[in-house]
Structures are given as structure tokens and as C-alpha cells.
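Common to both upcoming complexes is chain A, partnered first by chain B, then by chain C.
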Partner chain A sequence: MDFLIASSTEDLCELLAEDPTRQLLAGGTDFMVEVNFRHRDVSGVIAIDRIEDLKQWRHDGDSVLIGSCVTYREIERGPLSTLIPALAQSARTIGSPQIRNTGTIGGNLATASPAGDMIPVLLALGALVNIRSKSGTRQLQVDELITGVKTNSLQEDEFIESVRVPVLRGPQEFLKVGPRNAMVISVTSLAMVTDIDKEYIGIALGSVSASPCRSKEAEYFISENIDWNNMTVQSGAIENFERLIRESANPIDDHRSSSAYRTHTIGVLGRRALFRIFRLEN
Partner chain B sequence: MSLLEEGIASAAGVGVSATRPDGKEKARGDFLFSNDLSSEDMLWGQTLRSPYPSAKIRKIDFSQALAMDGVHAILTADDVPGENIFGLEHPDQPVLAFDLVRYVGEPVAIVAANHPEVAKKAADAIYVDYEELDPLVNSQKAIKAAPIHPEGNIIRHLVIKHGDPDAIGNIIVEGEYEVGMQDQAFLGTESGIAFPSADGGVDLHISTQWLHSDKDQVASALNLPDDLVRVTLAGVGGAFGGREDVSMHVHLCMLAMHTGRPVKMVYDRNESFLGHVHRHPAKIWFRHSADESGLLVKVEAKVVLDGGAYASTTSAVLANACCFSVGPYRVPNAVIEGWGVRTNNPPCGAMRGFGNVQTCFAAEAQMDKLAKALSLDPVEFRLLNALETGDTLITGQEITGTAPVKEVLTSLAEYPLPEPIKSGLLDLPGGTGRTTDKSHVKRGVGYAASIKNLMFSEGFDDFSEARCIISDGEVLIKSACVEVGQGFVTLVGQIVEETLGITDATILPVDTSIGSAGSTSASRQTWMSGGAVLKACEAVVNALIIDLSSENGVAYDKSGLNLVSKDGSHSIDIATALQGRNYDEHVTHRHKRTFPLDHNGQGNAHVSFAFAAHRAVVDVDEELGLVRVVEIATSQDVGRVLNPVQARGQIEGGIAQGLGLALLEDLVLNNGKILNANFTDYLLPTSMDIPPIKIASLIEQSEPGAPFGAKGIGEPPVISSTPAIISAVRNATGKKLNRVPIKPEDLVF
Partner chain C sequence: MGNAQESNQYELTVNDSRYVISGAWLGESLLYVLRERLGLYGSKNACEQGECGSCSVMMDDVLVCSCLVLAANAEGREIKTIESVADGSQLSDVQEAFIDTGAIQCGFCTPGLLVTIHDFLASNPEPEESEIKEAISGNLCRCTGYGRIVEAVQLVSIRRSERDT
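Presenting the complex of A and B:
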């Protein structure tokens, strides 16, 4: 088996162009589990965790550009946690400190798990994913990148270089249900972000469909019932809002939860997130 | 008692917090666990396991696998040199399946190769032609279903009839309960290494709980004389009952002897879940009745334990589940019927609490129901019925030792309750998921109490051997007692210091070159092997007294750690007197005899009993079904605290496992197959799930017959912590919650 270490993004482009079947290793928190279970037959691996460019992030005015190898830990703490609070909240729920020290935002996206904890936040924020290969670069919406359960639209020779995440002025919430108080795969999760300047509310759901998804119907509906000047929401709208959230979900029954519990809790999370951000108008 | 808050004392001797001799090594990662062992020329073993819960093996073809580069051996049932059968209490399980597989994960073939990955690929390349059969996975149906094993489906049927079978109280409560399949989930998976020896025997280094039981089973399967199988303890990364049975032992020895090379095996986490027994899932029906004054009149129960495909310790687990089904209460009349059955589910056996756990969960729920029906406070009701010394158990056995049930309950109830949570979201239900605000929380409080038998029961000849060797004043202790983390290695030093006044006792390698110490289980090693070490040290002192007396022509007596001549002219401390001398005292320690249960389940089957009570305080988010345990308080009957820090360690660890069973730990089966054989989905409590654990009181009443008066303390913490937590959740929500672990959705729908 080839084991290669990429030293720069250019180097990585070349190594992938040479042999596109080579697989990328960043934090390895999903990859190594699959290798150990022999679910993944690996002929060549390129370690990308030493590429300085991929480990950087920078704040460009109204957005941050986060390199794909920035770790959950770095997002959970430090300046990113105030710039994108919901992303930090979701990062905190992932695995153990050891996992968060090594797992990366690029890995969370590329793995494309229905339960990927950062994905609902990135969806709600309208983040863009920068893809690169030797032949060039392209930019995708998160829902264009993620095509199904653990599948993505990356070509074999492409890699995720960075994620552009808008920095919004307004409260953000990430809530996740799991039977354990930490270090648990989500049974349901919900991200709600607001932009008080643009009077925008974004809502996305995790673990209730094949891929994390926006709840656009709920977004449209509740937008009509929000008073952005007073940060209040119409009390009469809540019941329908919860129903719309539940209807955006299409959960499965599995050993982690029944679909009925997932449907129930996703509505509750929507209401609770809403009440943390907006006061109820009497 | 205040000693629980004290720091780590520097002194040794019995009763102080002596530090673990292996503590620093373990904390620094220097300690050699069994999977750290290696040898030059070593091969790696791998096991091929059945993917089916029930199937006929038509044919096994390993020619392709054996032809792979680096593969040295592939062995099947045909290659087992001796009896292809083993078992901890009773041999009924093939070393390698030959005609049928009876559970998912049953070993079918073993491989030795020059690299673990090669061994895995070779195992994948073995072709087994199975004919799938309908599995039997329902334990209640197993009682009457067609047998899945030549010995039938009923491993044991036990009836306990006590008092008047027609008696009945006016206040009656009834309920059906269920306990899921918990796993020991020790952090160090099974691992070991076997060396073929020049004398035609084998040396096995393995993490285990009972060297001599392993040795006997290996010798029988290998058809080797007893002295050609030598088992040495390798560093154990937790056990909790799951290492009491043979796992890879015979496989390693077969591969080593066949290849003539050392062979090592390490199960990965997934294989570990398949490779050891679990806690028995239980289905329990109870009917309790009391009179109007609140005294228990009668308890009736039916208990079905799912033993899985093979017997393991099912028989003894069932005895515990039935004998102690009514809990630590005075019950004049009882009819208890229990079955331990075979199914095509994974085999179940020993796990901390050993049968008492299952029925305690159900019986304590019944006690709460009765208290409610009687409009009595749950603690007051339990106190009314609490066992005392001189009372009779439902097995007809009189409690002759200490039984401070009232003291345990009273001290617990007096302990102050915790305040409401004042801090942020992360301390409320949902934890890092930030789901729950204070306004969503309801608080609940629940109590439970338990009884646990100590040591082996029902007439088993339970003993432990130890040698105390004095070599020019230095102390060497030899015992086959397995250290699984419980702190025996600390206790040995404390006993030596207490009896001989010498620190720095050396513990010789733990192996089968001395007689058995019995299993590190059943809360027995402090009493049994601690007792053996104590006796061996005392034997040295006696020999020293005889020598001193004859050398000096005057009789000596022991006075504390000094030896004093009868005429008072000469006094010398034992440590000084031992300098320049050599002794080797070899003793065997037994507890008082026990007897089998008769056809009505009556008899003096048990040695001694330990009692505990737990109080749980929980915050519940009813709408999401999420629970946060706020605090567990406990009082425990311990006889005597020998090492306060280690006592606290046992109590905290046991409660953590009890919390796991209450809220999280459940092997989910689908038609005999475990769906969550990994730590992603088999959820152990994390540090955010374990609340502050408060020790309200450790009741120290010296137990007659016990070395230092001390009772085993390892198991009681796991038994009543589970029902206390569920009682607290019921108190908060009003839900029935008749199955553990509870799931969030149980609180929602």
C-alpha cells in the first residue's frame, strides 16, 4: 500500500492526478474506523493533515474561509466560536476531546453522514464548499456536495480545499438529541441561524433524512410571523411551525431510535430553538 | 464517615489509603497489559466466527486461505486434540463448532499468520457452507421449544417455596419487568499469547479472572496432563465477570502447539462483544402482598433468564436471581420459580451483581408500588420490613452475620438532598446537545436497597492458597489471585505491613505454579485470598516464635508487631527478628461450608451477605425523554474499610455500571445478531453522565469469620443503583418504566 504525505495543495493536486484512486486521510476519525472494519479497501493513502494552507482559517469581512483540515476543536473554541456560534455548538457535540482534536470540517462534509453534526449548521448558513483538483477549482452548495447517505459529488481527483461560511449578525442555535449527555451520534439535530440585517432565518435538520436538509417551508412560514425589530414571534404560529418542521423530516427506524421519536423530537427542537432566539408575542 | 474525603495517606497497614503499587505505571501508560506482550518469531491468531444464530455446517474449505502467503495454520474442530468441549461450571460448548453453530459469533476456525492483517484476510478466505436454521431467540418460548442443544433448553429450573403457600396479604401489587443485555465492556479487549514448550506442553499468558479454571479447561481440550499447561496472568484491563469464561485460551494453545511458535491474539472491539458472555437478559413477573400495617406477607415470582446458546454460569446466576429476588427484606412466605434457558442468542454468564441485579430492579419497583398502595414513604416501608441478624431468608437460611439494612437505609435518607442545578445548559438533560432549558426540567428522587451474597454458594468447595516466603527478611507473596483492577495488589502490601511490620512486599508472578485462588469474582478475593495471605503471614510469625523460643530457651508471645519473651526480658519487633531468616509458609484458606438447595430451594447455600442502598436524584426533560442524573448517594454495609480510596473506587465504578444499565447500556439483538457491537452505539456513561457520587455512610460492623471483619464491596454498588435511578425517573414522570435500560422514547410516548 502506498502511503504518501502531501506537503502543499499543489502537491496534493499532483498526487491525486497521478492516481485518483488514492484516498485522503485528514483526521482519520471516520476513515480509520472503516479501514479497521475492512469496509474500505485501500490501495493508496495521502495524508493531508500537514498541508498548512488547509489548516488555516481567515475572517474576510462578511464571511470566514475555513480550511478543510481545521479541526472541530479549533472551531469549538477560540475566535471561530464567536463568529459562527452554531458551528461551535455542533463541534462540541462531536465525539470525545481526542476525536475533536483530530477530526476536521472537511472530513465531516466529505463523509456525508446523515448524522454529520456540522452539516445542518453549514446548510442553514448557506455555506459554500471550495473544491479543487489539478484541473481547477469549483464551488458547491453543501446540498450539491452531499448526494445521499455517505455519498458526495466529488470526482476521484478532487478534494475539499475550504468552506466559506457567512458571518451573520443574529443569534444562532444548534440542538442535538442523543441518549447520552456527550459523545453520541445524533438521533435528531437542528440548526437555526438568523441574520437580523437581512431578516433571514435558516433552519436545517440532521439525522431525519438521507442527508441533512433545510426546512424551507418552516423557514418561509415563520419568517412571515417574526417581528425582527422586537425579535418576537407570533404565538399563533408555533403549532404550524412545528408541524412544518416535522413534515420536512423523513426519518427511518433503526437501532438508535424509532422514526416516531425522531419526528417528535425534531419538532420540539425547532420550537425550542425558536424560543431561545425570539420572544413570544402576546 | 469523613475518611472518604481524606487525601492519599502515606502510611500502609490495613485501614488506610495505601497507594496502588501499579498505579503510577498504569497512569503513565507503562503498565504491561496482556495486549502489550510480544515475542520474537510470534504469529498472530484470528478467529473465524459464525454469521448465523443457528445453522448446520455442511463443509469447511480452507485450502485457498491456507495457500495465502504468510499463513501458517488453519485449524477447525477436527484439530482439537482432546475433548472439543468446555464450560466454566459445566462443559457444554465446543472449542470450535463441528456440526452446528448456535449463536452469531461462535468460533468455527482459527488461523495463525505472520501478520494480523494477513490472519484476518485468511479468515475471510475460509469458505464455510452453512445451512441456515430457524433460530430460537425468545427465552420464554425456549422452555417448551424443540431443543437447540443435546442437553435441552432448560439449563436450570429452580423453585423456592418458603412458609405458607396459601398466605396472602390484603394489599397486593403485581408487575412484569424486563432487563436488557448489558455488557462488561472492559476497556482492554481479550488478548493473550501462548508459547509451545520443549516438554510438549504450553505456556499461556492471558488476561483472565481465574487461572486454574482456565488451565483445567485448556488441558482437557488439548488432551494434555495438568502439569503441561501453565497459565500466567497477563495485565488485565478490566473484567467485571466477562473474563471468567474461556475465550481465546484453547485457540491460542492449539495454534502455538501446531505451529511450534508463539501465537498472539487480540480481539478488536467488535469481536470482544462476540467473544465473551454478557449479563443475562431477564423477564420477571412479581406479585407482592403486604398486610395493612405494611408488613410483607408474601412474594411470588417467575424469572426467566436468557442464557444464550451455552450454559456458562447460568445455573449460579439463576440461583442468585431467585434466592435474593425479594431483596433485603423479611418475607415470611414466598413462591419463586426460575428458569435459565438456552436460546440462539449470544451466551450470557457472569457480570458484576450476578443475577441479583435483574431481580433487584423488578423487586424494588414492586416495593415502591406497595409503599404507594399503603400510603407509606418508600424508605419508611422498607425500614418496616428490613432484614436483621437472626432473620431468615426465603431459602430458610438464618442470617448469622451482620445485616445493617436499617442503618444503611436510615443514614442514606438522612443525607441532605442536592440543590437545583444553577449552572448552564450543559449540566441539564441533553448535555452537550443543548436541548433543554431549566423550564423543561422536572426533578425526581428514588430509593432502592439490595442484598448480595459474598463468595461462591451452594456447596462449592471455595478456597484460596497463598505462600508467604521470607528470604533473609524480605517478604515474597505467592498467590494465584488475579488482579483485575480491584486492588488486591495494594491489599497484599497492607496485610504484610499489618502482620509483619514490613513494607515493600514483593508479589511473585501470578501463575498456576501454586494452587488455585479461585476466581476474582463474587466479591470474594479480599475475604478468600486476602484471608489466605493473612494466614500465611501469621504462619510465618508462628514459625518465628517457635524458632525464637527454642533459640533463646524461653517462650515468646506476640504483642502487636513485637515478640516478647514470657519473662519480659526480651522484646524484638517481627521485622527485625525476620532479618537473616528464611521461611516458606503455604496455607489454604476456606470460608465456612455451604450446602446445596433442596427441592424446595431451602438450605444454607450462602456464606455471608452485604447490603447497600442508593438514592438517585434526576432531572428529566419529559418532552424529549432525556434524563440527567444529578446525584447518587449511597450507604453500604462493608464490615470494615480496608482502604478508603479503593473502597470509594469500587463504589463509584459500580454505580457507573448501574447507571449504564438504567439509562444506556443495551446490546440490541435482531434475530440473535447484535446490532451495536461497538462503542459508537453501545453507549457507556461518560464523565458527563456520571453525577457526583456521595457516600452517606459506610457501615462498619465487623463480619464474623471474615478476615479483618471486612465484607466484599465490589458488587453491591451496581445492584441497587439501577432501580434507584429508575425510581427517581418514575417519581419525576409517573411513567411505569418496566424495562431497563429505559430509552428516551419510553418517557415520551
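Presenting the complex of A and C:
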């Protein structure tokens, strides 16, 4: 096994162009588990966690640009938590303080787990992922990047450089169901974000399909029943809203939960998020 | 290649001592190297997947699970393990509080908890109970039920504020 430490994004482009089979090590919270259990064949590894550019974020205009090696910890606390509250909420539910100190937003995306907790938030917000290689850059929607269970559309020589996340004016929620409050992989999760100025509501679901997904039917339906001036929602719409949320889910039975429980809880999370953001109008 | 380094040998700085690791497989975790190559058995190996926190160490002043750190990638970073918590035979105040409150039963989780609590109290000297529970949520203890561990943290907090006034 050869091991390299990339010092800059240019350096990383070169190292990947030279040998695209090299694997990238960011926070290591998934990678090292697979190495420890010999589930990952490692012949060449490039550590990217010392690249300063990837560890920075900045707020420009109506969005934030977050480097792929920004940690959950940094998103959970500090200025990012007020700019993108749902992303901070999701970060805070991930693993433990130890895990959040090292795990990164880029790693959460590239790992592409159905239970990746930041992914529903990034989907609901309409975040864009900046991809780079020696041959250039391209930008993908989150659902173009994530192609299935733990698979992504990155070419071998490409890496995630940053994520462009819109800053919206309006309440946001991230909710998650699991057997305990900490150290838990979600059984179901749901992100709901709003933009009062654009009268937009974005809803995305985690752990109920091969990849986290938007619930556009529920978004369209509930939009018709929201009074944005008073931040209220028609009480008569709730039942149908919850049904539409459940119908956008396509969960499986596995060791973590049953399909039936996931279907039930995703509806509950949808209703709960709605009630936290809007008041009920009869 | 540029500034990147290709190494079959690397150097670690652990508790202010430098160690050269050579002839080792580069996929080894920091926890493995600490225990099996450097003989530092204080950091415990239980889950090897970042679930239990019994291998917690400080790396460049950041609390991490050493099982999730690639040892070769710890080169150039300051590692502090449980072995650095006491000053010789003089126990730290957190260690004393663990004894005074009876926060130890089998003791396997204790080193990780001590490293975690030292880090936590440094940034939050007067924590609420809920904050303590969140701070130690990555350190599994199967014996105590955590009650006395939380008490120990509160005791340290009180003793430090008494000492400082």
C-alpha cells in the first residue's frame, strides 16, 4: 500500500491523474472501519484532510460555499449553524463528539449512504456539489451525485471540492428516528426547509429508499395549503400531507428496522416538522 | 510528487516523545500502533469502529477515536493519550473525582472517558447535566449506568471553581 498526503487541491489533482485508483481519506469515520475489518482493499491512499482550501467555508451573498473537508463539528456550532440550521441539526445527530470532530460533509456525500444524515438537508435546500479533477470542474445536483446505495457518479480521478448551499430566510427542521439519541444511524430522517420570500418549502427523506429523496408531491400539495404571511397551514390538509410523505418512501426491512415502522415514522416526522414550522389554522 | 510525501516509514509524536514506525503495514490504525507497536496499552481496543470511545485520544488538541485514525496520517501531529493525563504518580483532578464518586467499575471505558472529560471541561468548565451527557455520548460504559460518571464531572467542575476563587 502506498500512502500520500495531498498538500493542495492542485497536488490532489495530480496525484489522482497519476493513479486514479488511489482512494481518498478524509475524516476516516467510514473508511477506517472498513480498513479495520478488512472490508476495503487499500493499495493506494491519499489523505486529503490537510488541504487548507477544503477545510474552509465562506458566506457570499445568498449562499455558503463549504469545503468538502469541513467537519460536522464546525457545521454543528458556530456561524454555519445559524446560516443553515437544518444542516447543523443533522450534524449534531451524527455519531458522537469524536466522530463529529473528524467526519466531513464531503465524506457524507461521497459515501452516499441511504442514511447519510446531511443528504436530505442538502437535497431539500437544493445544494450543488462542485467536483474537480485535473481535467476541469463540474457541478452536480445532490441527486445526480448519489446514484444508489453507497454509489456515486464521481469518475475515478475526481474529488468533491466544495458544496454550494443556499441560505434561505425561513424556519428549517431536521428530524431523525433511532433507537437512542446519540451514536445512532437513522431509522428514518426528514428535512424540511422554507424560504419565506420565495414561498418555497423543500422536503427530503432519509433511510426510506436506496438514496435520500425529495418528496415533491408532498411539497406541491402542502404549498397550496400554507398561508405564508401568517406562517399557518390548513388543518384539513395534514392527513393527506402525511399520506403523501409516506407514499414517497420506499423503505426496506433490514437489521435496523422494518419497512412498516419506517413508513409509519416518516409520516410522523413529516407532520412533526410541519407543526414546528407552521401554526395550525382551522 | 510535489509536496506530498510517500512514506514506507513515518514518525509519530506521542505524549511529547517521538517514535519512528518502520516496516509496518500502512493501513494500521493509530490505536493498533499505540498498543501493539509502542506498548501504550492505556487506550483500549473494543469496537474498532468508532462506536465505543474507549480508544479516545487527543490529536492536535482535537478529541478523536484513535481506531479511526490512519496511523501514518498522524505524522506531524501531536498525539496525547491517557498516559499523559496523570503527572507521574500524581493523578489528575478528573481521575481523583472518578475515585471519589465511584465512577469506575470494570474500568475498561475509564481511559477513554477521562480523555473525553478533560477535553470537555477545558471548553465548558461549568456544564449542565444535559451537556455532560451529550459530551460523553460517544463513550460507552456497560457497568455504571453513567450516574456516577456524571457526578464525577460535576465534582471536578465544583472543585475547579472553588480552587479558582
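We adopt the following convention: the second predicted complex is superposed on the first by the 282 of 282 C-alpha atoms of A that agree within 3 Å, B and C clash if a C-alpha of one lies under 4 Å from a C-alpha of the other, contacts with A are read in each partner's own complex, and residues count from 1 in each chain.
Here is the rule we go by: a contact is a pair of C-beta atoms (placed from the backbone, for glycine too) under 8 Å apart; a residue touches a chain by one contact, two chains touch by 3 or more.
If you're wondering where the values come from, they're calculated on a predicted model, not measured in any experiment.
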{"item": "Room on chain A for both chain B and chain C (clash or fit)", "value": "clash"}
{"item": "Partner chain(s) touched by A:Ser257 [first = chain B, second = chain C, both, neither]", "value": "first"}
{"item": "Touched partner set for A:Val45, first chain B, second chain C, both or neither", "value": "second"}
{"item": "Touched partner set for A:Met32, first chain B, second chain C, both or neither", "value": "second"}
{"item": "Which of chain B and chain C A:Ala17 touches, first, second, both or neither", "value": "neither"}
{"item": "Partner chain(s) touched by A:Ala182 [first = chain B, second = chain C, both, neither]", "value": "both"}
{"item": "Which superposed partner A:Gln89 touches (first chain B, second chain C, both, neither)", "value": "first"}
{"item": "Which of chain B and chain C A:Leu280 touches, first, second, both or neither", "value": "neither"}
{"item": "Residue range of chain C overlapping chain B upon superposition on chain A, of 63-71, 99-107, 117-125 or 153-161", "value": "99-107"}
{"item": "Set intersection of chain A contacts, chain C complex versus chain B complex", "value": "36-37, 96, 181-183"}
{"item": "Contacting residues of chain C [partner chain A, same complex]", "value": "1-7, 25-27, 29, 48-51, 53, 56, 62-65, 67-70, 72-73, 75, 116, 120, 134-135, 137-140"}
{"item": "Residue ranges of chain A in contact with chain B within the complex", "value": "36-38, 89, 92-93, 96, 173-187, 189, 255-258, 260-261, 264-265, 268-269, 272, 276"}
{"item": "Chain C contact footprint on chain A (complex, rising order)", "value": "1-8, 10-11, 14-15, 18, 25, 27-29, 32-33, 35-37, 42, 45-47, 49, 95-99, 101-102, 181-183"}
{"item": "Complex contacts: residues of chain B adjacent to chain A", "value": "120, 124, 268, 270, 429-435, 437, 440, 623-626, 628, 663-664, 668, 670, 675-676, 680-681, 683, 685-689, 743-745, 748-749"}
